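Lettered A, B, C and D in written order, each chain numbered from 1.
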Amino acid sequence: MGYIVDENTKVVVQGITGHQGSFHAGEMIKFGTKVVAGVSPGKKGTQHNGIPVFDSVMDAMSTGANATMISVPAPYVKDAAYEAIDAGIKLIYILTEHVPFHDTLEIFHQTNVRGIRLLGPNGPGVTRPGVCKIGIMPNQIFRKGDVAVASRSGTLTYEIVNAITQSGFGETTVIGLGGDPVVGMTFIDVLKLFYEDPETRRIVLVGEIGGNNEEKAARYIIEHGDKRKKVVAYITGRSAPKGKRMGHAGAIIERGVGTAESKIKAFTEAGVKVADYPDDVPGLLK
Amino acid sequence: MGYIVDENTKVVVQGITGHQGSFHAGEMIKFGTKVVAGVSPGKKGTQHNGIPVFDSVMDAMSTGANATMISVPAPYVKDAAYEAIDAGIKLIYILTEHVPFHDTLEIFHQTNVRGIRLLGPNGPGVTRPGVCKIGIMPNQIFRKGDVAVASRSGTLTYEIVNAITQSGFGETTVIGLGGDPVVGMTFIDVLKLFYEDPETRRIVLVGEIGGNNEEKAARYIIEHGDKRKKVVAYITGRSAPKGKRMGHAGAIIERGVGTAESKIKAFTEAGVKVADYPDDVPGLLK
Amino acid sequence: MNLYEYQGKQLFSRYNIPVPGGYVVDSIDKLKKFEHPVVVKSQILLGGRGKSGGIKFARKPEELVPAVKDLLGAKIRDYTVKQLLIEEMLDIKKEFYISIALNRTERKPVIITSPSGGVEIETVPDDKIFRKNLDPLLGYSAFLGKEASSFMGFDRDLSAQFSKILQQMYALFIEYDCELVEVNPLVLTGDGKLVAADSKVVVDNDSLFRHKDLNNEDPEKTPLEREANEKGYSFVELDGKIGVIANGAGLTMATLDALTLHNGKPRNFLDLGGTDSTEIVVNAFDLVLKAKPTAILVNIFGGVTKCDTVAAGIVEAKKTYNIKQPMVVRLSGVREDEGRKILTDNGIDAFSEMMKAIEKVVSYVKVN
Amino acid sequence: MNLYEYQGKQLFSRYNIPVPGGYVVDSIDKLKKFEHPVVVKSQILLGGRGKSGGIKFARKPEELVPAVKDLLGAKIRDYTVKQLLIEEMLDIKKEFYISIALNRTERKPVIITSPSGGVEIETVPDDKIFRKNLDPLLGYSAFLGKEASSFMGFDRDLSAQFSKILQQMYALFIEYDCELVEVNPLVLTGDGKLVAADSKVVVDNDSLFRHKDLNNEDPEKTPLEREANEKGYSFVELDGKIGVIANGAGLTMATLDALTLHNGKPRNFLDLGGTDSTEIVVNAFDLVLKAKPTAILVNIFGGVTKCDTVAAGIVEAKKTYNIKQPMVVRLSGVREDEGRKILTDNGIDAFSEMMKAIEKVVSYVKVN
């Protein structure tokens, strides 16, 4: 799975009998994703929406699974992730929100030293139209095309992807990084992939206040960017007051770090056009 | 440092002001090793045998150090190793004996996931005649040649290396793996290096009772061995009674596992001649 | 969650980090006998309490009661002082800084220490600051204390005290899921002891399920924010006029930004979250209406939360609360047509494009 | 270090691993009142105590004293019974196996469980054994208990009990630096509880500096071995005639092997270690002489331990202890010539080649 997800991605859903896991597993199958197994302790040998259910990820590996969607309550996420690491899963996507960030820190470093990819927590997942979707993005908004999108939010991503699709473009890949202060993939990680991907010709980064990942991405674009690929950005939180968390745990301006101004300035200096409104993004891609 | 140690190996000695650290640092310099720094908290800015002393490994990195010899009391070994890992050292050799094996387990896995090489604990180190020596092997017994030696013991290694040198051969590399049940490098690890090394034409493995590393090495030789390189083995502990530790913590026959017979049989089946006495080794190399 | 100074110090005590002797009072009759000079410290979550008059000294017995009377119930900036920490006055020889925080950029805990304590760490020059990122897989090791002590220029005894404090702060940082554990100043007393003269401990809200011993109300929150949070909404009060209900934190923030750029200031941030339920929509209106907005904007991009569910909620809320304010609705995405029909059937118009809705709602507050 | 069953169970109790009620006695007058049927278990470090008669049952009050009298002071194989564990008899419904050990091959702790308990795990067929290597960087996680329980076929309640026991065994394994924590059998009682009916705990000797609460004499060691270990020597008593002093564990083992292949059985294993000191050599002779060998072999390859230092030690020991036995010395390596001169000056010959020395010393015991 060089490019996060591809035709060979086979997904196990940890927490498949939960409300979210169950619903989104079904949606993923409708999208064409190979959902090969579910995990729910004590439900070994049953089926859920036609998906075989196993007691453990280790048992589910017999289906050829190489990726997991973790949709279990926050207190159990770390255990679920460690189970996936132990079983040899190569891509771990955590849907759950409100995971303690210390748990995410540990999960991140454990996956990082082992070359396992971590996506999330608290993000909408990854979608490659026509290929594979892992996560909770609405199936209807996508069309295959040449725009790659990476975003720190969920619904706003759908809004922007929908606008891109409506305006005649389409997407190679849409990646939701997650709205927490610590997440598995950053803008720099996905920029590398987008620049390497021959199908991607345009890139959209949807950032928000908090942290300095946008600033680092801007520096990366200056130093390593491929000028043939146009990059457009949108930053939310311009109107956010200092010290207030705007919904996402990561979206907070602390001690002057993480302001929208700083991010917009960094992108502008890197030659990245920054949209004022979500609807402006498709226009800037032209 | 592709081949454990080479001309670019620069050694820091953790515990340089101790008896062992001090003496062997001097011997290593006499051998031609680039001992670039010593570490001893609170001794920053002093010199020891002409070697600059630092408070921490991190500070000592300014000398270009890339390897460490750890010679601190057993209770402090884990901290010293973690300090070296944190500072970015690429080869960690632990001279100290009686390190709790749980500490070694942790050190091993921490180095292993980071691609850091761990040698020891409780071994004599590594010597490449004419190139570099890290550890406590006597300088006088070596001559540059085409025999590579790997051993689980110390003095017995010197005995055998001496016999090899006396009989007209010489050594490419001599590696002491360490006498503990858990050590950083195994026979398989070093066999890979020996097979890859163009200068090595003969290989000597000095094993002992306990564990099944020799059996695994024999299997590796059958499956991956280069038949142009002759492998000779010697196994100690034929006369050891079950359940008694013969000096080394690793040298113990438990529940029938780890007997000399099993190891000798495995090597013989792999086409490896096994010497009855240490002095017989050079004869079998011809 | 921010802990009060005295709460942080209670944790410090449990972790064997030295703190001055002291006790907390919320009324004057709980004062204990004056035995030695004390500092009387307002327990409010405000940096620079001292400069704002929140800290007083009682060197003699007769100074204690006036100091307590002055501070209890006083209003310091936006905070009312409800509790005081009465603490033994330290013989201060020198002040240092030490903290462990989350370094978001590196995704690692970072140790920060400085020989320049007692001032905001942001004002200390870089060459006076020791920074060290900690690999979470390695955890705390003794060498970290040695490295930091070497930078601080401590002798063997102070190095041992300092390393112990650092180790214990790290244990607290990990075991209590902290975002920040800060001691500023860490005081060197006349008799050569290091003592934590202040504490700042911030605990990850998402971890509170495993720290049942901590149950602060966050005093930085308004009563309405607290009510909303208890009901499970992400909700922030702002100082504009337009009440906002949207779905998704990012889209909600984008909605506030768009309003602001159009000179229509929002009254609140409210994210419906990712659950598809009419009741959640109705309750959201209840909260927004309590904030007394001049106009209301509902901005929905349907995904998991479907447009028709929201539409049904809007209709129900309009009836239930007899909403008088002008309301602008924007619906797009999953089940958009069904949602729009529900609204139309009940005499409510809905935009499809976000920007049109923004412009419309701003026109209402401008007219007013 | 092997712990006695009762010591292991004391640790189990501390880690909330259920054990039967019981107490330890070392004399008959310490027996408590008989209140329910009990098992009387000899506290000796021997597998298969039961088969060897080391365990008796007292179902009625009048059976207790005879059982205790039978066992206390009894000799079972090589062990003298000094302590008994008097333990509540369990209502055994089923017996399982569970252990955590070091997997040397993988360099990881390994969990082993089996529904076939109460027998040696080596005799259980592979398809009845659950084996799981544990990544030390990940540590223990709840999924491990679920995986093991799923293999065992446990229902939800037993799975919860079993997982808890496994988790606590792992905590004990790590915190007490264990080589092995084994419960065999783990008993399912009539009222549905899992109870550890036996314990086998082996602690790494090298870790004892941080486990001051454990200070067993290892009963598998002879008094002379204990004396030698206390003096810092690696020393093992064997049943031959040739006393051996060598340097380095590997070379010492090779020396014993060579003697054995020459039909000259060694009396002991003694490694001088890597310190260069005459006193260590002299004390080594003291130990070897106490083992009353027929002849003595000293085999030195000089490195850190230098040949002249050893030679000086040999000379001093010969005088001090007035050694009568024939002694063969082999010196090679660092400062060999200097060492040989010291010996020659004192009328002692020394070989340079190990095999010659082996042949010579064997000739002495063959003559005898």
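The working rule: a contact is a pair of C-beta atoms (placed from the backbone, for glycine too) under 8 Å apart; a residue touches a chain by one contact, two chains touch by 3 or more.
Given the structure is predicted, the values throughout are model-derived calculations rather than measurements.
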Chains contacting each of chain A and chain C, listed by label: B
Minimum number of chain-to-chain contact steps, chain B to chain D: 1
Chain pair, A-D or A-B, that carries the greater number of C-beta contacts: A-D
Longest centre-to-centre distance from chain A, chain (CA-based): D
Distance from the mean Cα position of chain C to that of chain B, given in whole angstrom: 54
Separation of chain C from chain D, taking each centre as the mean of its C-alpha atoms, in whole Å: 57
Intercentroid distance (Cα basis), chain B paired with chain A, Å: 46
Residues of chain B touching at least two other chains: 110, 113
Contacts with two or more other chains, residues of chain C listed in rising order: 135, 137
Topology of the chain contact graph, where touching chains are joined (line, ring, star, complete, other): other
Touching pairs - complete list by chain label: A-B, A-C, A-D, B-C, B-D
Touch list for chain D against partner chain A, complex: 135, 137-138, 141-143, 146-147, 150, 156, 159
Sites on chain A touched by chain C in the complex: 74-75, 98-102, 105-106, 108-110, 113, 136-138, 140-141, 151-159, 162, 179, 181-182, 206, 208-213, 216, 234, 236-241, 243-251, 255, 260, 276-279
Contact footprint of chain A on chain C as seen in their complex: 102, 104-105, 107-109, 122, 135-137, 174, 177, 179, 204-207, 209-210, 220, 234, 236, 238, 246-254, 256-261, 266, 269, 271, 274, 301-305, 332-334, 353-355
Complex contact set, residues of chain B against chain C: 41-42, 44, 55-59, 76, 78-80, 82-83, 85-86, 110, 113
Sites on chain A touched by chain B in the complex: 113-114
